[in-house]
Amino acid sequence: MPIRVTVWNEFRHEKSHEAVKKVYPKGMHITLKGALEKLLGDQVKVGTATLDEPDHGLSEKVLKNTDVMLWWGHMAHGEVKDEIAAKVAQRVREGMALIVLHSGHISKPFVKLMGTTGFLKWREAAEKERLWNVMPGHPITAGLAKDYIELPHEEMYGEHFDIPTPDELIFVSWFEGGEVFRSGCVWRRGAGRVFYFRPGHETFPTYHNAEVQQVIANAVKYLAPTAGAVPFRNSCPNVKESLSPIVGEHEVDETLHKR
Amino acid sequence: MPIRVTVWNEFRHEKSHEAVKKVYPKGMHITLKGALEKLLGDQVKVGTATLDEPDHGLSEKVLKNTDVMLWWGHMAHGEVKDEIAAKVAQRVREGMALIVLHSGHISKPFVKLMGTTGFLKWREAAEKERLWNVMPGHPITAGLAKDYIELPHEEMYGEHFDIPTPDELIFVSWFEGGEVFRSGCVWRRGAGRVFYFRPGHETFPTYHNAEVQQVIANAVKYLAPTAGAVPFRNSCPNVKESLSPIVGEHEVDETLHKR
Amino acid sequence: MPIRVTVWNEFRHEKSHEAVKKVYPKGMHITLKGALEKLLGDQVKVGTATLDEPDHGLSEKVLKNTDVMLWWGHMAHGEVKDEIAAKVAQRVREGMALIVLHSGHISKPFVKLMGTTGFLKWREAAEKERLWNVMPGHPITAGLAKDYIELPHEEMYGEHFDIPTPDELIFVSWFEGGEVFRSGCVWRRGAGRVFYFRPGHETFPTYHNAEVQQVIANAVKYLAPTAGAVPFRNSCPNVKESLSPIVGEHEVDETLHKR
Amino acid sequence: MPIRVTVWNEFRHEKSHEAVKKVYPKGMHITLKGALEKLLGDQVKVGTATLDEPDHGLSEKVLKNTDVMLWWGHMAHGEVKDEIAAKVAQRVREGMALIVLHSGHISKPFVKLMGTTGFLKWREAAEKERLWNVMPGHPITAGLAKDYIELPHEEMYGEHFDIPTPDELIFVSWFEGGEVFRSGCVWRRGAGRVFYFRPGHETFPTYHNAEVQQVIANAVKYLAPTAGAVPFRNSCPNVKESLSPIVGEHEVDETLHKR
C-alpha cells in the first residue's frame, strides 16, 4: 500500500509574482509532487490541493484518504477557512502526518496544533543558511552527504521561534547575518505527528535542491501512520464497568455529568 | 512583591447541586483562595473570578495583573467566551502561569494552549486514587509526607489522555478500578507555563485535602513568572539590519511580504 | 537486508531454578529468538549470546554485526565484564538499538547509557499488571487488540524508577497491589536508541505471551538503524578551517589543546 | 539558609600558561566565586576546590555540604579519580546541582551522568559567539539586556554535540565561522539537575563578562535543591506488603531474588 500524500499549496505567489513564477512555473506543489514521485516511486501516491479550489481542495474525502499532508502558505493564511483548518488539525490527531514548510509557521493548522503563536524574526537578504544536524542516525537525515545542508540564499528566520518543546529537534540553522533557528522539529499530537521544516522561501529555488527534497521525502516515510497501531480515541467515554474490583461505598450523582 | 493569583471557578455546581454545596458552601474558589492564603501568607495576593461575572471576571485589568491563574470548570465549558479564553491563553504565552484543575482538561484555555483535545476516559465510582511521584526533588512536591498522595474517593480519569508530551511529568495516578493517568504535568507555552493537576471532583472534599492544597500552593510558587527574564515577543519583526555582515548579492522583492 | 538481531540472555535461572526451567526449557533467549523469527520472518536474522560464553558471546565481530540487541539479565549483573558493557553502550551510540528487558533495569549497559541508577521498588506477589498505552499511533503498538496489555501474574515494579526523562513514554503499568510504573520508554543515545520494556519475570510465561512478543518484534523494526542516516562521529575534531569567514584578530595558543 | 556552592576548578592552565594567568591570576574559581558573591550576596555561601588538593578538594564532608557545584576542567580530565567522579555524580542523583562549564563537556562527572560521550567539534580562532535565547521567561535569563549574549572572542564548539535530549534547551550559539551549538541545557538526574553552559575558554576573559556571570548566578538559584521535596531513594526495596489487596494465587520463590 503506497503512502497517500497530499501536497497543499497556497499557490498565489506563483501567479502574482514574476520572480516566483520563474522558479516554480507550475506552482510549488507540482515541484514537490514531482520530487516525491522521483524519490519514492511506488512507495507513494501523491495528490495536490490549493487554496483557491473549493474547500481549498480539502474535501472530507481527500482528508480521509491522506496519510501525509504537506503545507505551504504565506500571503493568504487568513483566507484559509477556520473550519477546514480545524479538520486538518483533527486529522493529525487521528493519525495523519502534517509537514509544515517554511512560512507555514503561522498557518492556521500549525498554530492550532501547537498552541503557540509560531512567531519568529525574519529578514529577506538572500543570505547563506546552514542546517546543522543535531540528531545523528535520524531517519529524516538518510542520504545526506554531510552533517549539514548548505543553502546559498534563503530568507532568514531567527529565534525566538514560538513553538512548544519539540519531541525531536533534528536541524538547527545558522544564518550568515547572525541568527540561529530550530529548523527541523517533530511533535506528536494525538496519534499523528507534525514536522516543521524551515527552508523554502518562494523566490529561491529551495525545493529544487536535492537535499531539501531528500529530507521531505524521508519525512513522508518517517511520519506515515503505522497500520494497526493503537488508534486515537476521539471521545471522552464513561467506562462504568471497572476492570478491577472497587471496594467501598459508591455515592454517585449522575446529574453532575450532564455536560 | 507578592505573587498575584486569580482563582477562576465556573461556580455552578455549588449553586445547583446539594452534594457539592455541602462540600464547598461558598464555592471552590473560596476554598482554594483560603488554602493559598493559609499556606503562602504574604507571598501571595489572591483574587477570584467566576463564570457568571461580566467577562467571566476576567477583565483586561484582571488579566494584566495576574501572575498565576487557577482554572476549575466542568459543566459549562461551552459558555466561556472564545474571546476570553483566547486572552487567557495569550497571557500564558506572555508569561502568566495557568494551573488547570481536574475537569479543566477540556476547558477552552487548556485545549487552545495544548493543541490537543484533552480527551480521556472517566468513571464516577468513588474509588481510591494514588498519585505517585515520578520526579523526586521537584519543587512541586515540597512538604509531601510520602512519595504518593492517597485520596480515598475520587472520580477516575484514565489514559489515553490526549495531551502533548509534558515538559515535566511529576505525578502518575493509580486507580482502584484498574486505570492509570498522567495526573501532574507541566508544559511551557511562550514565556509562561501550564500545570495540569488531576484531582478535584466536585462531590469529594479533595480541595480540603492538605496535600492537594500543598501541591497547588507549591505550583503557584514554582510557576510564577521570573522578574527580568527575557520577555515573550508578541510579533514577527523584520530585522532588516543583520548583526553580522552578509556577503554576496541581495535581490529582495519587498512586495512579497505584504501579508 | 534483514535486521541483524542478537538476543543476549544471562541464562542462569533457567539452569539453576526448576520453576524457570519449566517455563523456558532451552532458555529465554531461545523463546525470544523463536518469537522474532515467527513474527518477522525474513525481515530479521536472529542470533543469541549468553553470559557464560567467552566474552559473554559478544565478540567484536558479533557486536559489529548487530543492528538490534535484546538484553535480559538478573542475578549476575555483576559478572558482566565492564569492558564488554562499555562496548555494548558504545555500539548503541554508534547506531545499534538496545532493547532492555525487565530486570535489565540495573544491568551495566543500561545504567551506563542512562547515567542514572535504574533503581525501583519491587514485589514478587504474582499480581495483575496492565500496561496502558499512553502514545496512540506509535509503531511499537502495532497489532495490539486493545489500548492495554493485561498480564495475569507479574512481578511488581514501582515508581520512582530512576531513569532520565524518556524521549518517548509509550506504556505505563498499573499493578494490582497499588503501584504504577513507566514500563515502555525510548531514549536516544548518540545515533542509537534504547527501549526499556518492563515485563518478563523469569517464573512467569511472559515471553510466551503473544502481545508481549508483538511489542518486542515491533520494537526491533522501530529501532533498527536507518541506512545512510547522518552517522555518529566518535571524536572531537579540531575543524581549523572555518566554513564562513572569521573577521578580526586571532591569537591562538596551540599548546593549550594538548589534552 | 544560604545556598552552599562549591566552585571546582582544574586550576592547571592558570599556573602553566601565561596567557591564562593574565586573565585569571588567582584561578578561574576565584573569579567565579567573587562573581557569585557579588551577585548573590547572602543568598550563597561559596567555597572552592581544585584538582591538586587531596581528593581534588572533594571530601565526603565537602560533597555532603554542597547544594550546587560548578565544574571547570580541560587538560587533566583523566587525572580526576574515577571514585571521586562517581561520588559527584551520585550526589547529583541525590539532589545536588552540577553546573558544567565549557570544556567540562568531556569531564568524568558529566559523561557519567549523561551516558553519552560529550563529543563535539571545536576550533580556536577567537571568533564571535552569540548565545541566542530559545526559551523566553526562563529564570536563568533574568537580567539579560537582550535575547542574546554576544561574546567577541570565544573558542568554537560545533554540533553534533553528543548529549541526550535536554530537558530544557535555553541557549543555542551562533559562531562566526559557520557552526551552531546547544550551549545552555538542563537535564534531571535522580533528584538533582545538571546545567551545561558552553562559554569559558581559558584564554578569553569570558568569566569576567557580566552577562555570563549573571547566567551562572541565575543557574545557582534555579538549580538549588528544594527543601522538603520528595527525596531520591538510593535503593531497590522489596515492598512485600501491598498497599491494595492482591487477589489470587501467589507462588513466590524467594531464592530468585538473591542477587
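Going by the order they are written in, the chains are A, B, C and D; count residues from 1 in each one.
To be clear about the criterion, a contact is a pair of C-beta atoms (placed from the backbone, for glycine too) under 8 Å apart; a residue touches a chain by one contact, two chains touch by 3 or more.
Given the structure is predicted, the values throughout are model-derived calculations rather than measurements.
When the C-beta pairs in contact are tallied for B-C and for B-D, the bigger tally goes to B-D.
A centroid comparison over C-alpha atoms places B as the chain most distant from chain C. Centroids built from CA atoms put chain B at 28 Å from chain A. The distance from the centre of chain B to the centre of chain D, each centre being the mean of the chain's C-alpha atoms, comes to 31 Å. Our note on geometry: chain B versus chain C, Cα centroid distance of 36 Å, whole angstroms.
Counting partner chains per residue, chain B has residues 128, 130, 133, 135-136, 147, 158, 160, 165, 167, 176, 178-179, 188, 190, 230, 232-233, 243-245, 247 touching two or more of them. In terms of inter-chain touching, the protein chains here all touch one another pairwise. Chain contact summary for the complex, chain C toward chain D: residues 13, 17, 19-20, 74-75, 77, 89, 93, 106, 112-117, 119-128, 152-153, 156, 158, 160, 162, 164-165, 167, 176-179, 187-190, 202-203, 230, 232-240, 242-253, 255-259. Contact residues on chain C toward chain B in their complex (touch as defined above): 130, 132-136, 147, 158-161, 165, 169, 172-175, 178-180, 182, 245, 247. On the side of chain C, the complex with chain A involves touching residues 95, 128, 130, 133, 135-139, 141-144, 146-147, 150, 167-168, 176, 188, 190-193, 225-233, 243-244.
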